[in-house]
């Protein structure tokens, strides 16, 4: 058994790597400018740079020796002048697609002071003469040149008595270690157990997660257990009375339950049971009484699909040949159902149950936000609405990791419940 | 009333599937009886209704089946009229079954011992069950350590032996063997048949043997009923039916038995092949 | 197969009722889209967007069959627009999820080995992601609006289809017709798409019918939370605005919208079940 667990744990590794990669791809690659998503566009470039710095977003994605810096955006003057329009001693010509620095100009396009220990590089396509970051540019023809300089030095353009025409500029930070990428930063951060920092709540994400677990569990654990007990017993009722009125009623009932939107349960429950009839408190998290209604709603909303699922499993088993053998021995119907069929059906049921464990942790997004239960679901919804990237990423990641672990647990339960599974 | 020399009498049994015009008459008015200690073979191709007939003896036919008519007399009562509770008392204790596919006929999550014990628990309460299981396994020539084994750990032949042990657990009066060797390897088939033969002699069982294999019939059966499309088309002592088949269908069955010397088999004329084709084509 | 299935389906009265309901909803969706396109083309504000504050909160009447909402807009015409949105979500997410799922499922099932390992790894990674939260995260990253919804739902639900198709393909691969095709030297692509795929198309159709309502339900959630549809009358937005009104006694918007969601989802669910029963006779007993 121990060997089996070890082997299955080992097989988990690719999925864990996959999950880390997928969250990375979603947020860092697809997400694009996370700082802008999180902080909006109206903040200073300096604070965006700080945001990037904290989260390693100023590094190359996977691998590379250069990375962009917010101090100066790339500009190809054939597409427009962008921020460069604002300099009084520079003339922009849209037809020629060039920016001409007048003689005697001093332009520092860097938005904020660079870090002194970093090295930077300009790539500039120019004609004429002048200096960039203290180094002389001079050419009568169009020429592209790379200019390296230290962050402590002056990084801007200047011209003496001849104009300098520029076609395009690129500004990059030199990455000393090409493997020092966003991916590495992310993996290192995870390895440290650092979940990041919530911008909207001004707290470390780990703290928020810790605070949210208990309220979430107090809601989801009862839903989980009551749900399992109810749906398994009702599906047994279906199997026992299959093809009779009782079975048909329960099946129709579960399809109807499934078809009602979750929102409707919440809104109707809150309105009729809590507001109109005052059976339950409407909102809040103060005592057990506050949990009753969300738990009821949670159970009912999952009941339909679970009954149907378990019923299918039971009926599948009822058609197996061993059931006929049992009947031929003179075993009574309840005993066939509760002993022979149920023990076989337990195997898929366990799978279905264990796989729902991550839900216990991540909580119920909607129930928590509607009933004001300060759990992880509430946290998640608020984080999404306020674009709090680190919180969302942490929740997604933890949910996924828990799922992977539950999968392992399922397999172990499976091996324990089913003698046919070979423990090798 | 039942003839005292017979253990079971089936009279004009009709079992249907479905209702109205769509209904299938799986068993369409068959009658037969089995005497004490006798082995009766029910022969026919698949779909001829022989398995359903066998299951109907204790009302085990699939639940879509309706018992449309007839009588099954066993111990002076009509099985079709008995309550579920009364039927349960008979199943496994007075009439027991051996099924076709031993590999799937055992519950995969219980040990063989547990499953044999269940039958004992239901019908014979005052008993040292552990010793009895050992005795039963010994009866079918299996070591009693196999009682702790799960079905997936055993071969088909071993499982079929266990099935026989389980069927014999409560010393039934009638054993119904539904194609007991079809799913097994040829060499294992022989062992199982020998075992059945040995047991029926030793225990003095009455047996209803369902099969499509005429070899088994000539080996084990005292009498034969040939079934086709839910009806019995020919009935008689084994030797008589096999040596001198009267009904055309029985002759066909006989002709279909592979022989080692093909030249000895009767040649089929082209007309007969046409006739055959018509018979098998869907109407 | 299809003829038989249709005959079986015709006998099922509930299924035919659902089919009629689905047809009705489809007509409403097409009508809603036409109205939307017409106003978009003429560049005028459609009536369901115009606010008439003097007509706010009117209960159902002969003029407004389903009453008006808080801004005096006719609930019924907004409801029809909601059908359009729901259909768009159901169809477009299917167009994203089904091809991905079918493609990966086919190649994994057919080629096995390394390809299979890769696909299984890919879908188990996606399957590990916590459902709604992952959809929300995708929608957040892509940006609010319908595109986020399409991508969020589409990119998360291909997993189930992939798993199903992979299983079916593995089953079919060992069947004689596939082996015969291989013996004839047909290319793998041809065998997969010309021979196997038509034989498992019923699985895809049933999946489509059953994932449609799920996608609609998710859209209602997302729009409700304010992440989905922004300025068109989506059911989620309508429920959100009606929720507060409900407490003031304006029951009609809430009732009709939830009824519409319920009917659409129920019709598709029951139809999907009936289709599965009709197309997969093994399950009929």
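Odds and ends about this structure:
Per-chain numbering from 1; labels A, B and C assigned in written order.
Operating definition for what follows: a residue touches a chain if its C-beta (ideal position, glycine included) is under 8 Å from a C-beta of that chain, and two chains touch if they have at least 3 such contacts.
Bear in mind that the values here come from a model prediction, so they are computed numbers and not experimental data.
The interface holding more C-beta pairs in contact, when A-B is weighed against A-C, is A-C.
When every chain is represented by the mean of its C-alpha atoms, the one lying closest to the mean of all protein C-alpha atoms is C. Rounded to whole angstrom, the centroid-to-centroid distance between chain B and chain C, based on C-alpha atoms, equals 52 Å.
One finds 61 Å separating the Cα centroids of chain A and chain B.
Separating the CA-averaged centres of chain A and chain C is a span of 23 Å. Residue numbers of chain C whose C-beta contacts span two or more other chains: 285. On the side of chain B, the complex with chain A involves touching residues 55, 58, 60, 63, 84, 88-93, 96-97, 99, 101, 104-110, 118-119, 122-123, 150, 152, 163, 166. Residue ranges on chain A touching chain B, taken from their complex, read 243, 320-322, 324-333, 340, 343-344, 347, 417-420. Note for the complex: chain C touches chain A at residues 121-122, 124-130, 132-134, 136-138, 140-142, 213, 217, 220-221, 224-227, 236, 239, 243, 246-247, 254, 258, 261-262, 265-266, 269-270, 273, 285. The part of chain A that touches chain C in the complex is made up of residues 14-15, 18-19, 21-22, 26-27, 30-32, 37, 255-256, 258-264, 267-268, 271, 275, 319, 358-359, 362, 365-366, 380-381, 384-385, 387, 392-393, 395-396, 399-401, 403-404, 407.
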